[in-house]
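Let me begin by presenting the structure, written as structure tokens, before commenting on it.
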Amino acid sequence: MKSSTKYLHFKTKKKIEFVHITHEIEKFLSESGVQEGLVLVNPMHITSAVIINDDEEGLKRDYIRILQKLVPYNDTYEHNVGEDNAAAHIWRQFMGHQVVLPITKGKLDLGTWEEVFYCEFDGQREKRVLIKIIGE
Amino acid sequence: MKSSTKYLHFKTKKKIEFVHITHEIEKFLSESGVQEGLVLVNPMHITSAVIINDDEEGLKRDYIRILQKLVPYNDTYEHNVGEDNAAAHIWRQFMGHQVVLPITKGKLDLGTWEEVFYCEFDGQREKRVLIKIIGE
Amino acid sequence: MKSSTKYLHFKTKKKIEFVHITHEIEKFLSESGVQEGLVLVNPMHITSAVIINDDEEGLKRDYIRILQKLVPYNDTYEHNVGEDNAAAHIWRQFMGHQVVLPITKGKLDLGTWEEVFYCEFDGQREKRVLIKIIGE
């Protein structure tokens, strides 16, 4: 079994931002030489998520609008004592916080419209995402 | 390490439909001969989800009713320019879009009530789900 | 490839309760001797979730308050015929029901604030969580 680990670093300009990371994962997979296996992509912070969805700007705004409606960022939360990011903790759970990707014949085995995003919900500071490949 | 990959094909009769797929995964696992490992079950489309839950019809209707209440299908979405499926993209995130299943002694190592479903939220067209087994 | 499987047993005092399980997973990982790989942590029941988030009491109450607001436990559900736990089935989906953890150099490769919790939404009875390690 082979394994490879990489850490992506982010410091988004905005507090809430979607960063497309499919190509970085593909590049790292190619370097790893793994032909068959799995890739775990996991944010190492608890106010962000990694998701698979469409690379379409309107949809990204729809996500934020719905999350704001259901779990308003500036509402009152018990967690927000010296913090203002309780909603970000909750949003990241509702969005599904991590993904596992399949590797087939050396490539990410994704459908046509599956794209991977780092979803920052409390940005403007240093964050990391772990990519872990296992297989052979 | 062994690996096996299979694609399930779906074209549901209804736009929104739950399809029970536990037995298909079990059958493929049995064919693979893997005794210990993991199975990734991932929809290759971004308006559907794979979940583990109860095979109970009332609950399936409860899921849809709650999703409709929180993220109405026929509401206004920025994504819905020439599309009508923005809510389906959001529903699949809220439901948790994919699952990883454990394999122990050649079987899916699931609890009594754990059943796997393909959740179609924008059906009546060709869709695929990837099953990736790794282990030995 | 090595693999190790363990089942954690829970019977929470309260119906709704968060149980911190990071240390139990770390201990089991250490016993397994696996240096590089993945850990699946999956509840074997469908009214509970395993999540990664902050070990902060206010946030745990915020989660429950939001879930109660969006999917009230004591509302009317079709599933609740001889049952009262439909909301628990839905909550566990919205929270993301399972996690996969990375193993690097024999340790869980988590960020500073990433902690693993078993989230019981229908407790006061016997429940199990499976931990499956694969790697080498």
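Chains here go by letter, A, B and C, matching the order in which they are written, and residues are numbered from 1 within each.
The rule is simple: contacts are C-beta pairs under 8 Å (C-beta built on N, C-alpha and C of every residue); 3 or more make two chains touch, one makes a residue touch a chain.
This structure is a prediction, so every number in the text was calculated from the model and none was measured.
Asker: Identify the chains adjacent to both subunit A and subunit B in the sense defined at the top.
Answerer: Chains that touch both subunit A and subunit B, as defined above, are C.
Asker: Could you check if the interface between copies subunit B and subunit C is built from the same residues on both sides, meaning over half shared, or from different ones?
Answerer: Different: when the shared numbers are divided by all numbers used, the fraction is under half.
Asker: Express in whole angstrom the distance between the two chain centres, defined as the mean CA positions of subunit B and subunit C.
Answerer: It comes to 20 Å between the two C-alpha centres.
Asker: Give me the residue numbers in subunit A that touch at least two other chains, ranges are fine.
Answerer: 1, 38, 70, 94, 96, 100, 134
Asker: Which residues of subunit A touch subunit B in their complex?
Answerer: 1, 36-38, 51-54, 56-59, 61-63, 66, 70, 94-96, 99-102, 104, 109-114, 134-136
Asker: For subunit C, which residues count as touching subunit B in their complex?
Answerer: 1, 3, 5, 38, 40, 42-46, 70-71, 77-81, 86, 89-90, 92-94, 96-98, 100, 128, 130, 132, 134
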